[in-house]
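Next come two complexes, and both contain chain A; in the first it sits with chain B, in the second with chain C.
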Partner chain A sequence: MSSEKTASERPSALQPSALFSACVHLLRLTLSRQFWSRQTVVGLALSLLCVMITFAWTLHRDPSSKRLIEMMLVPAFLAFLMPVFAICYGASAVGGDREDRTLIYLLITSIPRPLIYLTKFIAAWLLATGWSVGVLWVLCTVAGQPGNEAFDVFLLPTVFGCTAYVSLFLLVGAAFRHGTIISLAYWFFLEVLFGNMPGIVKRISVAFHTRCMVYESGSALELGPAGRVAREMFLPVSGETARTVILISSAILLAAGMLIFSRREYRDLS
Partner chain B sequence: MSAPESPRTASPATAGAVAELRSVTKWYGPVIGVNDLDLTIGPGITGLLGPNGAGKTTLIKLLAGLLHPSLGKVTVSGRSAASSAAKEHIGYCPDVDAFYEEMSGRRFVRTMARLHGMSKSEAKERAEIALAEVGMTDRADRRLRGYSKGMRQRIKLAQALVHDPAMLIVDEPLNGVDPVGRRELMELFRGFRDRGKAVLVSSHILHEMDALAERVIFMGRGRILASGTLAEIREMLDEHPLHVRLRSSQARELAAQLIRWEDVKGIELRDEEEFSLEVRRPDAFFQRLGDFVVAESIDVSALETTDASAEAVFDYIMSSAARA
Partner chain C sequence: MPAELAGYREWSGKTRSPWRASWSIVRTGVLMILRRWVFWLLIGLGLLNFLLNFALIYLKATLTIQNEAVGQFLDAYKVTGTGEAYADFMEGQATITALLLAFAGANLVGSDYRQGGMIYYLSRRIERRHYIVGKLMSVGAVVTMIATLPTIALFIEYGVLSSSLDYFFENGRILVGILGYGLVLAVVQSLLLFAIASWVHRAVPLVMCWLGVFVLLRLLADTARAISDDRRWLLLGIWENMDRVGSWCFGAGNPDKTPSVGLCLTVLVGLCIICLIVIVRRVRAIEVVT
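Right after this comes the complex of A and B.
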């Protein structure tokens, strides 16, 4: 036997330093496994498609910042690529482990379940936000000078939007067996359809609040929904309200996810 | 026999208990997984036997903290089994054949060590010890997806051993392992036991439990039907006398004597030199037989029990449970 302490000789619960070390290792493991995954390939393929469309668009149009944002970045990036990255990494952070049944190895470690969930959230948020900001930068760079202004307008809404989406899709992945499919369905029906409906029903969507943030941070460019009718029916909230809603709802979703993950019995693991 | 109503606990080990279940019931909606279990698991090798749906996996998952009891309490080393403190003391080898397939066996075991809070150097050292224990040291650098089932089973065991737990819970560990590997794994369990640890082994391979487990738990319909050593349980099965085959050059004379004994329920002569007996209270019978054979200088060339194996005991218990 080794001279190291046996489990019975070690303290009954992990010391804070050991717990921190275990969580950091789990973070690295999750980042590594998620980065080298199908999700990354899907996200990159869709990003490449959007970059090509943006490039083609800049060749044929007068690429002002306002037009770039309204015609390309809001529909292609804010409403499409950003949620896709969040679904790719958020829903699969716990859901992917569950589907390939490796989640059992995390559940038998000494890391408390809420911390496993929190660590998964951090990893998924880093990846989704990192890729989103990176792709945003590429899109803006491809667009040339107007893209520089657009990048500043979108940076903060992107970070906030990713936070809300990841906390939501991570929860879905942890709570339901086919989290990715449910997340995609949610995104299409709630975010795409409801998010563009007239009236205040759209306020339940993350997309609405991120758009409000974009419109406020791009107020110098006179940003807003395209068309008079759309402008009249959009009924925006202030940027501060949107930020507050996103932060509070993200915190609630994260806390709910930690609670659900802590109590849930994953009977399908074996 | 009233086994299903009142579980037979031949040797309740309360001292030095590693894990305890107290009045534990687990429901899955309207279906009952385990029903009012009271069980203490102490150091040594305990075999968990029962047909599909008996509640073995539910019991194991309750002990591993993967399920919460609907009623009652499950503790490991005095702490709730679902707590992270208890998991320090449990090494769980699941029956699921899933891994981080992109990793090598060595990296997987080290990863599990790191997830148990060990430093890099400690994880490396402990992983090597665990890999050596399961005989995978020189094969651990290959990718997991290229492993045979037996090798994957060993790596699963290594990850369960890597933090040197007080209790090892293994679900069907001998599945897919070749005979040599089985012997090695059984030696591994015995080595673990010799260090004062507890091992709970679930298996369908009953005859291997004969050789491996010091204590067995028979489960059926979510209940513990019997627990104790095989000999103890066998002795309690009054309505199923032990069958013994005996060969002797004086078979007729010996049979004539033995039929008078109160522990001998019946005798059947097979040929001039061989007969079989049905025996109650085997321990007392064998003691008396030994004394008698020596005292009377009777030549006995063969003596064997034909239904004292785990399989026979299991069949008896299950048939009794079915009648109840």
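Right after this comes the complex of A and C.
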């Protein structure tokens, strides 16, 4: 009896309902801090620029879903905006707290560290996916009839791609002090350079699997990389395989991030 | 208590030009960047292209003596020692530089706004122009380290490994081209980075803005050109403008191509002036809170 009382009096032993409430509060706080930030304003500006480009594209002589996807959505949205949103909210979810010196207040709470990390992941995922899907919807709406078909093709790959990117960049942000810059370097070297290399080396990139999902869901439109050589060298995997790879790798990255965040002794907290 | 008793005294030595402070700002900025391991990681990745070219030039010099066909084969990889080859190399390095500058901008300029470094600097006996020039030169030094110096190293390697030193005398224009291209990259990118970083101080939004300028403007330029069939829309691509002017320094590139080098240069000069105005307005020793 006395041992139970002692355990309940310990500040770390929160009741499940209190723990849930604390996590929800942290989720709301993280969402609010991340959303009402300068990166959201910049993200909005970049999205507006993309919308302008798409609107200009609709004035093209022969707009079609295939051309919209190959000329606009793959290079501007899938290859640029989506990873940038994920870096913006993923890498800064923990990294922002470190930069603002507020991580110490989070770590001294009674919420277990894995739960803090999981809550941060949910917040970053909601923001990155919400932004990406929202921008995709606006781009497709602006594009008119070709956009309606393209939205269906892109919706699921966007959600899966965001999940993988956020879990990866959140891990980088938790593990390294300059998480944003390392995420950026990863994106540029592995996603952009390796992602466009011939052969199977590109399979380590998230962009490859997302593109495979897009090409399979848009098979009726005969989608694929631009140019005969690029098509022959792309060596796609099936959409099912791509989904499985993304889900498994996201789960592994999330678990690794929780482990690192739980064990890491942050020395630059104050 | 009199100031003399507290240890304060008038400076009796010879005062130096405040421009020397700009050099101190450059030195401090570059050392601050070089202390970070992330920078060394990025510089290592950025120099992969240099190492590849370095090795190919060495291979070419060694194997051409034994088999001329091998040298011709390697020429396909642009180790030809011509101005065009160096311009292509610098264009590749400029891409890496843009990535590095995203990091450098947040540390060199953004942190001065966030942590009060600018107030400290401007409380010394220097004026705004000394601070601005110092910071611009710091960013320019980073660009030079990644783009210009490796190209000069390749130029020297090519000349030294050729059969005689005539390569240096016959290709003096190439050295001018390397320095010219490097100057274009350093001036435009440092001004643009400073202007952006003076508005967005934090790393994440700065990176987003910086990438947006280079990636999305190019896409907008391509789309507008496809719609109107007017190549002058390509002037929106800042990177391409820099490459065009840089290639012109080497004497490479098609002079009849639209947009002309003059137009590209005009756009870049206009951009630099706008950036300079933004920088001058944003660099203040005090912040007025309303």
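FYI, the second predicted complex is superposed on the first by the 257 of 270 C-alpha atoms of A that agree within 3 Å, B and C clash if a C-alpha of one lies under 4 Å from a C-alpha of the other, contacts with A are read in each partner's own complex, and residues count from 1 in each chain.
One rule holds for everything that comes next: contacts are C-beta pairs under 8 Å (C-beta built on N, C-alpha and C of every residue); 3 or more make two chains touch, one makes a residue touch a chain.
This is a predicted model, so every value here is computed, not measured.
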{"item": "First (chain B), second (chain C), both or neither touched by A:142", "value": "neither"}
{"item": "Touching partner for A:212 - first (chain B), second (chain C), both, neither", "value": "neither"}
{"item": "First (chain B), second (chain C), both or neither touched by A:14", "value": "first"}
{"item": "Which of chain B and chain C A:105 touches, first, second, both or neither", "value": "first"}
{"item": "First (chain B), second (chain C), both or neither touched by A:188", "value": "second"}
{"item": "Contacts of A:43 with chain B and chain C, given as first, second, both or neither", "value": "second"}
{"item": "Partner chain in contact with A:26 - chain B first, chain C second, else both or neither", "value": "first"}
{"item": "Which superposed partner A:267 touches (first chain B, second chain C, both, neither)", "value": "first"}
{"item": "Residue ranges of chain A in contact with chain C within the complex", "value": "37-39, 41-43, 45-46, 49-50, 52-53, 56-57, 59-60, 71-72, 75-76, 80, 84, 87-88, 91-92, 96, 99, 176, 178, 180-182, 184-185, 188-189"}
{"item": "Contact footprint of chain A on chain B as seen in their complex", "value": "28, 57, 61, 64-68, 77, 79, 83-85, 87-90, 92, 94-96, 98-100, 102, 111-112, 114-119, 122, 125-126, 129, 159, 163-166, 171, 195"}
{"item": "Interfacial residue positions of chain A with respect to chain B in the complex", "value": "1-2, 4, 6-8, 10, 12-15, 18-19, 21-22, 25-26, 29, 33, 36, 100-102, 104-113, 263, 265-267, 269-270"}
{"item": "Of all residues in chain C, those that touch chain A in their complex", "value": "36, 38, 41-42, 45, 99, 102-103, 200, 202-205, 207-209, 211-212, 215-217, 219-220, 223-224, 226-227"}
